[in-house]
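Read through the structure below, which is laid out as C-alpha cells, and then see the notes.
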C-alpha cells in the first residue's frame, strides 16, 4: 500500500503548531469542493474526515476494508464550523481515537489552516461483520496500538 | 420558481405515516450516492438534508440566496444513522425548525424509507450579511411563519 | 424495484416537446450541483447521464448490477454543453441506445430545460464478467428489446 | 497563493517516465472517489482533470477566476478509460494546451498510475466575460506563455 501523500506524524504536526494529534495529512482545497457561496461546502469537511478515518483505521490495523475484514460504519457524527475555507487554501486534517470499546470507537477530527482550527468533528463507529449487521470485535493488537499511540480511553 | 419535484406537505407526509413534520420531499437513491460498501454513503444523507434546508428556507422566506439576501451558514451539525439505504430505494426527507432566534435557528431533519427512520440530523444555522461575517436579523415575516407552521420555539 | 420518481416514457416526453427518445426522467437542480460560478458544474451533467444509464440498463434488462450479473463499464464518453443551468431549475434527462453489439453498446444522452437542450452526451459501454476483465455477451432478450424500442443499429 | 501540493514540472514528470507534458500533479485515490463497483468512478477522472485545469489556467495566467477576470467554461469534453483505479492508488494527472485561439483553447489531460495511462481526456474551453455570455479575448501574455511552454498550436 502506497504511503499517503501528505501524511503527517506527531512531530510534523507539532512543527506546524498543531498539538494533541498523532495522525494527520496535508492537502489543498480543490475547485469541486467549493459551493455556490464560493467557499468549501460544509459537507466537504466530513469527506475530509472520512478520508482521514479510512486511512487511519488502515494504518492502525482495525480493518483493511477488504473481503473478510470488518466493516466500520458510522452511527453518529457531529461537526462544528469555525471559519470558512477557500480555493487553493492549504490545510491539515487530523484524526485520533478518544475512546475504544470491544467493537466500537469514538474518533475526533479537525481541519487546520493558517494555524487556526477551521472545523472539527467527531464520529461514533461500530465494527461489523461483512453482513453489515453482526458486531465484530476489534483486532486486539489494533486496540492496544490505538490506546498506546492516541491515549484513547478504554471504554 | 418551479415547484419542487416530490415536495410533500403535512397531509401527504401523514398519509405515508410520517408525523410531526410539515415539510418534506420524496426522492430515490441514485448510483452516485453509493460508496464502495454498496450502500448510501453517510455524507450523502447530509447532502439530502442540505437539499431540504436550501429549499425550506426559500419556501419559508428566510432567504432566496440571491444578491442582497442573507447568507445562511452552518455552525454545527449532527447526524445519526439507524439503518443503511441502497440503490433505487425510495425515501422521504423531512425538515423543520425547532427553535429560532433573531439571527439564528436550529433545524431538524430525517430520512424515512419503508416507514422507518433511516437517519436523522440537526443543524445550527446563522444568518449573515453577504460579507459572510456580520450577523443579519431574519425577516420578521419568515420568523412568524416558521413559528406558526413548525411550532418552533422562539429562542 | 420501486418505480423511478419522475420516470417519463415516449408519450410523456413528446408532450413536453422532447422527441426522438423513449426513456427519460424529470428532476430539479439541487444546491450541491452548483459550483463556485453559481451554475451546474459540467461534471454534474455526466452524473445525470449516469443516473439515466444505470436505470435504463436495469429497465431494459442488460444488467441488475447484482452479483452474477454483468458489469457495464465505460470505455469512452463525450459531452457537449450548450447553455448553463441554475438552482431549482426543472429538467428532463433522456437516454437511448444508438447501436449495440454482442458485448458493447453506444448510448446517447441529453438534458432539456425550458424546451431547449442544455447539454448532450454519448458513452461507449462494455459488458464484462464480475472479474471486470472478461467480455460477457449481452442477454439476447435485452438486445432485442433495445433494438425494437430504441431502433438501435445492430453493430 | 500556496504552491500546489504534489505539483510536478516537466523534469519531475519525465523522471516518472511520463513524457510530453509540462504540467502535472501527484495525488492518491480517496474512499469517496470509489463507487459501488469498488473502483474509481468514471466521473471522478473528470474532476481530477478539472482540478488540473483550474490550477493550470491560474498558473499560466489565463484567469484567476476572481471578480473582473474571465470565466472559462467548457463547451465540449471527452474521456477515454483504459484501466480501473482503486483505493489508495497513487497517480499523476497531467494537463497541456494543444491549441489556442483568441478566446478559446483545447486542452488534453491524462491520469497515470504505475507507469501506465489509465484514462485520458480533452476539453474545449471558451473565455467569457463575467456575464457568462460575451466572448473575452485571452490575456496576450498567457497565450504567448502557453504556446512557448506547451507548444500549443495557434488556432
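First chain written, first letter: the chains are A, B, C and D, and each begins at residue 1.
Throughout what follows, a contact is a pair of C-beta atoms (placed from the backbone, for glycine too) under 8 Å apart; a residue touches a chain by one contact, two chains touch by 3 or more.
Note that this is a predicted model, so its numbers are computed, not measured.
Colleague: Report the chain pair from B-C, B-D or A-B that duplicates the C-D interface, where duplication means over half of the contact pairs agree by residue number.
Modeller: Looking at which residue pairs coincide with C-D, the repeat is A-B.
Colleague: Could you tell me which chain lies farthest from subunit C when each chain's centre is the average position of its Cα atoms?
Modeller: Result for the farthest chain: A.
Colleague: How many angstrom between the C-alpha centroids of subunit B and subunit A?
Modeller: 26
Colleague: Quick one: report the Å distance separating subunit A from subunit C, using the average Cα coordinate of each chain.
Modeller: 36
Colleague: Residues of subunit A touching 2+ other chains?
Modeller: 31-32, 36, 43, 47, 50, 65, 87
Colleague: Please output the residues of subunit D touching subunit B within their complex, sorted ascending.
Modeller: Residues 31-32, 34-36, 38, 41, 43, 87 of subunit D touch subunit B in their complex.
Colleague: Could you please specify the touching residues of subunit A with respect to subunit D in the complex?
Modeller: Residues of subunit A touching subunit D: 1-2, 4-6, 26-28, 30-32, 47, 50-51, 54-55, 58, 65, 87-90.
Colleague: Provide the residue numbers of subunit A that touch subunit B in the complex, in ascending order.
Modeller: Spelled out, the residues of subunit A in touch with subunit B are 36-37, 39, 42-43, 46-47, 50, 65, 71, 73-81, 84, 132.
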